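A quick write-up on the structure given underneath.
Labels for the chains are A, B, C and D, by order of writing; each one numbers its residues from 1.
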Amino acid sequence: MGNIKVTVWNEYRHERHNEQVASIYPNGIHRAIADHLEGVEGLEVATAVLDEPDHGLTDERLANTDVLLWWGHLAHDEVRDEIVEKVRQRVLDGMGLIVLHSGHGSKIFSKLLGTNTGMLKWRDDGEIERLWVVEPGHPIAKGLGEYIEIPREEMYGERFEIPAPDELVFISWFEGGEVFRSGCCYRRGRGKLFYFRPGHEMFPVYHQPEILQVITNGVFWAAPVDGAKTSYGRVAPIVPVVQS
Amino acid sequence: MGNIKVTVWNEYRHERHNEQVASIYPNGIHRAIADHLEGVEGLEVATAVLDEPDHGLTDERLANTDVLLWWGHLAHDEVRDEIVEKVRQRVLDGMGLIVLHSGHGSKIFSKLLGTNTGMLKWRDDGEIERLWVVEPGHPIAKGLGEYIEIPREEMYGERFEIPAPDELVFISWFEGGEVFRSGCCYRRGRGKLFYFRPGHEMFPVYHQPEILQVITNGVFWAAPVDGAKTSYGRVAPIVPVVQS
Amino acid sequence: MGNIKVTVWNEYRHERHNEQVASIYPNGIHRAIADHLEGVEGLEVATAVLDEPDHGLTDERLANTDVLLWWGHLAHDEVRDEIVEKVRQRVLDGMGLIVLHSGHGSKIFSKLLGTNTGMLKWRDDGEIERLWVVEPGHPIAKGLGEYIEIPREEMYGERFEIPAPDELVFISWFEGGEVFRSGCCYRRGRGKLFYFRPGHEMFPVYHQPEILQVITNGVFWAAPVDGAKTSYGRVAPIVPVVQS
Amino acid sequence: MGNIKVTVWNEYRHERHNEQVASIYPNGIHRAIADHLEGVEGLEVATAVLDEPDHGLTDERLANTDVLLWWGHLAHDEVRDEIVEKVRQRVLDGMGLIVLHSGHGSKIFSKLLGTNTGMLKWRDDGEIERLWVVEPGHPIAKGLGEYIEIPREEMYGERFEIPAPDELVFISWFEGGEVFRSGCCYRRGRGKLFYFRPGHEMFPVYHQPEILQVITNGVFWAAPVDGAKTSYGRVAPIVPVVQS
């Protein structure tokens, strides 16, 4: 099996305009994640950001992406619809997609799932989050303990308007009294999606080893399979399967 | 419990332009289905068609619809995007939606599910279809036998590009050698969707009693529930749940 | 539609041997629940307890039960295997089953689900529980707010060794830092199962109106449907479906 | 990653007592499958049969099995309950299990799923079966075409009394007019189960390359993951997560 080609996409705005965020992610969230993934055997890593031409998601880049990671927040609306549609089609054709944290409100996530995925509760008080593993035998839980504790995070709370996940791997507990479906797997078309909740830009979440482990696990899980051939459309007139 | 308000929506083109279809459904597919539903206790039935203003789906009509049935084929593209978006939002807010036959290619079905739901195999040779019940205890299977046999139907074959149904009630067998997931239930937002495959316009499928029984069952299953309240967005700063 | 026949089954040991429990449920947990259900239109209610002959679950009683509620804890092992098997078969034939709280460790729940459903974390410190509704449009969430708060409860924590629920309605938050899948729906055979977590015998949980509302909702959801006929076993030699 | 240790279990009765079966599988169905798997890189293959001591499933053998394949038919009842229970526990602890054809009626399959999995329709007329791929992006569909055609097979027809699969990969079409859920994936405890329908002993099904490809794919899919740690039982008294 060849390498898995990963592209880490980031909006990359907070890091350039907010000093606290810049101090945590001096080269952007995408570089923090990409730096980690580059150290993982079997992965080939690139990055793309919103303000590049075509948001960095040219046809060539997409054609060379097996798994796409997506972090966005402030500028969901600036992502052009035709790029979103290309990404959606690539996922349906088999590309993996990992949507991180505030990416829940992105066009690509909402369009692939069909619901208003931006709808949830939130509170930005830097509270404790515990992500409990509810499917310990799942590939995305590889190498973890019973839960991951993040000392300071933004809270996301239910009701989260998503279709029931095909596989629910993590449920979060928050200090302030809320819960959240934090690790959600979906199969759509030939592609796999993984939504992973943590990652508020104001806290060093993507420097925490267990979080990076989950992202790595997610990449291997979401990588395309050389699956069955398919065809669509009109088929030839009926020929009896059974010859008398 | 009050009556369930049902609106049967139809493209209503084939019936006006094709003599064979007109002979089967002289007042349109919508009227054939509405006539049946009007005989069912507990239902209040209206119809709407594409060529009415706002496709008959005015705000008032939608506000007075608990369950919407959808039959379309030739003119999916003529359905205006803003109407589709209104219907989508109503479903997420709790309205039931029953998508019939070639409605699989409609904007509303595709947008709610996120995949290219128009993609499947088809053959229009008037062959035998058997819909096998795989969940006999499901409310949508009420009153049926082991399978429903339709003497002449258009074939739809897998691979059908849909998300795996939350509940799969029927699987079709076709004379020519194909199978199809023909009765597919989804929950999206607060609403319920039911896709029911049969209903090619060239055959009197919506005059067959078992087919009408399934549609009736679907209406009762998809009707909204006065469910839990929900709220979204920023919540107040953290207040300890536990008072020391 | 006739009345739904409900049987509330209880182990009925704690209430007879522990003064605190007796003070909360002087006539047993089963009577507290049955008293409530008797006030609901459309229900016909009976009770059965472990120490009755055949644990109160005679063939006649089971034949007259549409939905069975199950509370057990200390004496799971005393429930005779042949009675468990009869109940299991009744569920597969269409009877609804609602398993409450410590009933997660019962033979009937474990046998119907196939996993070691007794396995979970617990702590008996009388802490706050919040049950968040994650499927607000579900019939079991009828009439609720965003969450149910129980002031003092026993904690159950993940990992809970259950198959992923067909529908997950509630997720619990606990003061001590844990989460739990607290409202789990399953379809097995022709029957429906609902597991509902709250109900430690030391606290007046079954006197709390929202809890009783959920139990009522569960009964209506789990009630049998007069679904499709089925047959099994050898079928006649092949007869061509298509006559040449 | 080390090799995956596979054990192919077979009842091994038909092959010893029926000449036609013996001519197809002179060394038993287990050897036909094991011979194939031995040629696959990354697998280490052993076999076990009913009439060995402990049915060949000693503690040592099970401890050295990552994925167990199971073919049984005539003698389901002869498999000792304590061995079944050991296998069940191993699956819940993470071992993969692939149940083949008439293995649907085995104790191990029924106990892990909780329903009467022996219940289905069947007809032994040697008819055509087509297994349509409904999830082409699934790892178990790797390398396949749109469907697998088996020229002569025993028919299994719905209603098949199984819990709805977590992932449904294949649906079969049969010449005589039936359909069947033929490739069913389940997660139970930490383990994965795959039920694969084909394999009647009277036809050379396990010599057909696509069938062997699916079995190989199934082994890789079902192999255990070094997943999250878990613990169960009473936990220490509540310690505030949040230090005031």
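In the analysis below, a contact is a pair of C-beta atoms (placed from the backbone, for glycine too) under 8 Å apart; a residue touches a chain by one contact, two chains touch by 3 or more.
Per UniProt, the chains are A, B, C, D = ThuA-like domain-containing protein.
These numbers were taken from a predicted model, which means no experiment stands behind them.
Visitor: Trace the shortest sequence of touching chains from chain A to chain D and report its length in steps.
Guide: When the steps are counted carefully, the minimum from chain A to chain D is 1.
Visitor: Would you mind telling me which chain pair, C-D or A-C, is linked by more contacting C-beta pairs?
Guide: C-D
Visitor: Identify which chain pair among A-B, B-D or B-C reproduces the interface of A-D, meaning that over half of its contact pairs, matched by residue number, are the same.
Guide: Most of the A-D contacts reappear at B-C.
Visitor: By mean C-alpha coordinates, which chain is most distant from chain A?
Guide: Result for max centroid distance from chain A is chain C.
Visitor: Just give me the whole-number Å value for how far the CA centre of chain C lies from that of chain D.
Guide: A distance of 31 Å separates the two centres.
Visitor: Taking the mean of the CA coordinates per chain, how far is chain A from chain C in Å?
Guide: 36
Visitor: Could you list which residues of chain D touch at least two other chains?
Guide: 130, 133, 135-136, 146, 157, 159, 164, 166-167, 175, 177, 187, 189, 230-231, 240-242
Visitor: Looking at the complex, which residues from chain A come into contact with chain C?
Guide: 130, 132-136, 146, 157-160, 164, 167-168, 171-174, 177-179, 181, 240, 242, 244
Visitor: Quick check: in the complex, which residue numbers of chain D touch chain C?
Guide: These residues of chain D touch chain C: 88, 92, 111-116, 119-123, 125, 127, 155, 157, 159, 161, 163-164, 166, 175-177, 186-189, 230-241.
Visitor: Please give the residue numbers of chain D that touch chain A in the complex, ascending.
Guide: 94, 128, 130, 133, 135-139, 141-146, 166-167, 175, 187, 189-192, 224-231, 241-242
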